[in-house]
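You will see two complexes here that share chain A, one where it goes with chain B and one where it goes with chain C.
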Partner chain A sequence: MNDLSLIRKNLFRKRMRAALMIVSIFFAFAIFGVLGAFLRAFYAGQDLAQADRLVVVNKINFTQPLPISYFNRIRNIEGVRQVSHANWFGGYYQDPKNFTVVYAVEPQTYVDIIQDLIELTPEEKKAFISERTGAVVGEALARKWGWKVGDRVPMGSNIYTQRNGSQTWDMTIVAIARPTSPRVDTNFMMFQYAYFNETRTFDKDTIGWILLTTTSPGINDRVSKTIDAMFANSPYETSTDTEKAFNKAFIAQLGNIALIVGLVVGAAFVTILMVVGNTMAMSIRERTREIGVLKTLGFPRGRILKLVLGESVLLTLLGGLPGMAVAFLATLALRDSISQFVPGLAVTADIYIAALILMLALGIVTGIIPAVNAMRLRIASALGRA
Partner chain B sequence: MPPILLQTAAVTKINVKSIPQRFWLSLSTVVAVALVVMVLLAFLAMANGFQRTIAGSGSDEIAIVLRAGSQAEINSGITREQVRLIEEAPGVARSAEGRPLVSAELYLVVDGVKRATQTKANLPLRGIGPEGAALRKGISIVQGRMFTPGTNEIVVGKSLLKEFEGFELGQTASFATTRWTVVGVFEAGGSVFESEIWGDLPVIQSLFNRNNVFQTARVRLTSPAALAQLKQYVENDPRLKLDAKSEVEYFADQASQTTDLIQKLGWPLAIAMAFGALAGALNTMYSSVASRATEIATLRAIGFGGFPAFIGTLAESLVLAAIGGAVGAIATWLIFDGITASTLGGSFTQVVFSFQLSPELVAQGVVLALIVGLIGGLFPAFRAARLPIIAGLQGIG
Partner chain C sequence: MATKALIELVDVSKRFTKARETITIFDHLSMTIAEGDFIAIMGPSGSGKTTLLNLLGGIDTPTSGEIRFAGQRIDGLNEAELARWRAANVGFVFQFYNLMPMLTAQQNVELPLLLTKLNSGQRRQHVETALKIVNLADRAKHYPREMSGGQQQRVAIARAVVSDPKLLLCDEPTGDLDRAMADEILSILQLLNKELGKTVIMVTHDPEAAKYARRILHLDKGRFIERELAA
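So, the complex of A and B:
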């Protein structure tokens, strides 16, 4: 009988107890995996934001408009490589409850500036630029409504009114955008600013925000200051920041999500640690006499330590690995239904690695005291203790 | 008292009294259950606090008129002509001088700095006319005075002042190129209005280049029933592509999404964690039965039935779970109740709210704890009831 089968036999000597512990560890890691993926997706905007991409918004607040003329003025600033602009449309499909992320953008430049996030073929780009009512739809959004290239879809706006008095704009889907990485959210739609601006009834010739890249991240600070100084004391002052800082500030507005998630995972783990730790200690104590017998047979101290620790680590792995598998499946299932709040939900490699480290740590922490006690046990007292 | 009850009472007493013998194991069950209840109650208290702040803001005697389909004030927009038509609508209450009690308002978002994180946050700046404050219930100025019409003066809500920097009485806040002096702080019964900044409507319209633009109109109705008349009037006039709803209805819609999300997160988490605690409880109770095997067998040998042993074990488990539930509820109350937090509300601006624990929520937490105790005690109790007497007496639990 080798050590592994000895460990296995020891672990399952009381099947009910082993099963219960495995189940509780399983839940702890399922919670860990799902919440980890949740946090990851939540902060994705910040991680994916390119270091040299800057966002220019109205200084009062980013919901206030900027004049369209700023686009050309910023384009001529030294050190600016690409510039584009976008406007929030407040979109929905069919019913205001079906909230949809829709931007009105300057087609040519916008597609170029976000090419690290989504892929479009040159033909698709051309179609987007030439078709006045053309719209590019992200893969996830197209899948949600079963849209294909060539479909005409009426998109409602909860902010703007059309020239014809209605609140819907007809758009023609000219391309489905593919993400460059699974973490990129493709629940969005973008259409031509020119079409939007001509047909809306108010706020004409204004834009929501300007996106730009510089020739090198090193000059970001200087370019930001130049832009803000250029529009200082005008009716539309600007605030320029990196995309990363902008996204971070926006997420911070939702409240301290990371802290809440951390507390919950922490509480789940403390619970499990106590349950498993106590049970491990108890199951080793029950076996005092057996350990005495192993020692009598000549098992060295190190091997006893290894056997007991091996048992607790095996236990956490048996619970933890399926837990992570379930987290993977759960995020897959939840992905589309909560994409509105947290897009791109997925358990990433670093979450798996962290989980694995935690499983080993949990196994060692819960096993170490009983293991050391077992190792130090004197044969005479072990066999004497009935 | 029938013997079975006497026996049950005696065994239950023995069980509960012997809990200290298994102190650490019992403690771990209590703590595990307490943590589960705490997580659940913290989420529910958050949802409850948010819900009460928003839903508590509305009155059914006030109607709010928005552009059709806009859902939130921030998205809405109405013209001066539409405001005039609303002033003539049936069901609109009038002042003693015969003026219609209608307040057309401008709702803008400006940046503020959150004290806790030192990050920028969206704050609502509301331009109100002379009727504005009177159309909200329970408004009172607690510091300073109301703004003077026609000046760059603002008053701020109490909650906003607490959470965000730079709005102390007498300070100057600058939004873009204009400067505003804070001349007063108001209270609004803990409602969402306490998270707002108010200024004079015409001044804000002109300084923000929004002349003749309004976001919404608030209307005092002659009675809650007059809402139907107003709705019909709005529907029948083609110039009014607007939605009229009662303030209560409007705020209930605003609160529902966020509250739903918090609750949808809280319950599954608590249930998943409850399984962990359940494993702990079962474990504790099985070992309790094992350690008392001799005792149970002895009782059985002197004539006690299996049923008292069953109830005794179940009672022990329920007592542990109830203690855990109570500890969890008290801890949540001490740690979380009354904590203020702020998040983005339906109109894309910060809503300041506080965690609120209520007796109904505590009851839900305790019920969850008792379910864990019940299931955790049930199977070990069966084992206690069926324990073979001979084996028990020999100590082979």
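So, the complex of A and C:
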């Protein structure tokens, strides 16, 4: 027998009570793990955003178009290194339920500007530029539908219509884009803006947003101001910001996700804290006499503190670790089915570390008051001999 | 009987303050307990028996005076030092056994050894020996709920002697047992005193139990009023 077996035996002396506490902690950490993974996936775009990459959108709202002419005018601004543009297609495959991220882009420049995110060989780039209906498909999306280079795929749009009345554009897959890092989401498709612009019925010669890089992050602010000043008082005023700020604003359209998740997780943990804290206190109070006996036998104050705190920490670990394992399995199971909406869903190392810290903190917070009380207990009082 | 003093109380006073009232339990009490002695302390409720046991066992400290154990003062030791001293020198036997319900007899007896540097093999040997002394080697794997009161008290005695302390303090060890079981327990205490040289101090209300001791001390209002030799 050692201290750990003593802690374990104390914890499970009332099995039903211990099991119920473990189950409640288990659910709290399962929720924490899954919501943490959602949050991480949601904000992944911000972390991958380049410091020197700027996004120009319509000042009214990023869903409003900009004239294509802005592309050439911005290209000539001092300090601008690369410029490209993209347009949201509102794509789906076969059925509107199969929502797919599809952009119509300027092929030559767009591939260069996002080369830190995806890899294409020079041949693949050349094919994308030269093939009018050519499309580059991200690895994850290609895997999902079993697409390969050379396949012709009909992509529907829930926004645009072709002149012939069809809402479907035929595209030829010319390359499968590989991610430069596992964190890059490859659930996307991009095709030629020229093809898109020629065939659509409205918003002709407009683009969704302009993406550019500067010669140095230090001049971002100046370049942003120059661009916005250039188009001030025009029918299409612009708002230029870093890609990170743009992504953040995009997510903010959906509400403060972090706050909502924080409130849900916080509520779960405050409840657990009260339930476990109260149960631990009750459990230790019931054992006042036994703690008195241990002290009589010569167990020092520190050892008593360790035994009681060990019990509450073991409890949170026994609930928390399986909770995180289930969160891992749940995200694994959900990953593919919701990859269009929340790409890259995974319980990452930082979530595991945060969970472990939280387990230890929860164990210490719920156990510290009963542990200190047990430590301070006077033997004579505990044994009812005062 | 040995004559070397194991415990000396010199002018020990003990006072408690309850609801602004000071209650004096002992006032300049002095006594000497020889090594190898077996003393039964008797007296009415409130006479100070348990307080005396607490002072002798380092569970409580005197308001004034000196307590010496094997020539060394223990009245000035702090809580941690007293805990170490108790673990090394004193075994306790309580009226209601005070065993840990979730531990087997073997594990209960092993508890005091967790405070030593013995490895698990050495601890197991000590536990086996202690359980053999109290004739409970065959119940080592049993939980307290699976044992009779007398058996539980024997486990408690094994726990008290497993670390080989010089002093055994017993607070009404037979108070919860019938005559036959009480005699069994008292015989074990007598054996520990006679064969293994343990100094035993036993608080009891039972005159029959007191007869197992070498000496009987009657305590009343913090004073020994009568001393007699046991039969």
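As a working rule, the second predicted complex is superposed on the first by the 376 of 386 C-alpha atoms of A that agree within 3 Å, B and C clash if a C-alpha of one lies under 4 Å from a C-alpha of the other, contacts with A are read in each partner's own complex, and residues count from 1 in each chain.
Here is the rule we use: a contact is a pair of C-beta atoms (placed from the backbone, for glycine too) under 8 Å apart; a residue touches a chain by one contact, two chains touch by 3 or more.
Model, not experiment: these values are computed from the prediction.
Judged by the touch definition given at the top, the superposed model places A:L4 against neither chain B nor chain C. In the superposed pair of complexes, A:L383 makes contact with chain C only, with no contact to chain B.
Judged by the touch definition given at the top, the superposed model places A:G156 against chain B, while chain C stays out of reach. Of the two partner chains placed by superposition, only chain C is touched by A:E290; chain B is not. Residue contacts after overlaying the shared chain place A:R301 against chain C, while chain B stays out of touching range.
Counting the residues of chain A touched by each of chain B and chain C gives the higher count for B. Under the contact criterion defined above, no residue of chain A touches both chain B in one complex and chain C in the other.
Note for the complex: chain A touches chain B at residues 16-17, 20-21, 23-24, 27-28, 30-31, 58-61, 63-64, 90, 96, 156, 158-159, 161, 165, 167, 202, 233-237, 248-249, 252-256, 263-264, 267-268, 270-272, 274-275, 277-279, 282, 341. Considering their complex, residues 24-25, 28, 31-32, 35-36, 38-39, 42, 67-72, 74-75, 77, 108-111, 114, 116-117, 119-122, 175-177, 208-209, 213, 241, 261, 269, 272-273, 275-280, 282-283, 286-287, 341-344, 348, 350 of chain B touch chain A.
Residue ranges of chain A in contact with chain C, taken from their complex: 1-3, 6, 9-10, 12-13, 289-290, 293-301, 303, 379-380, 383, 385.
Interface residues of chain C facing chain A in the complex, by the touch rule stated above, are 50, 54, 57, 59-60, 79-80, 83-88, 92, 94, 98, 100-103, 107, 110-112, 114-115, 120, 123, 159, 171.
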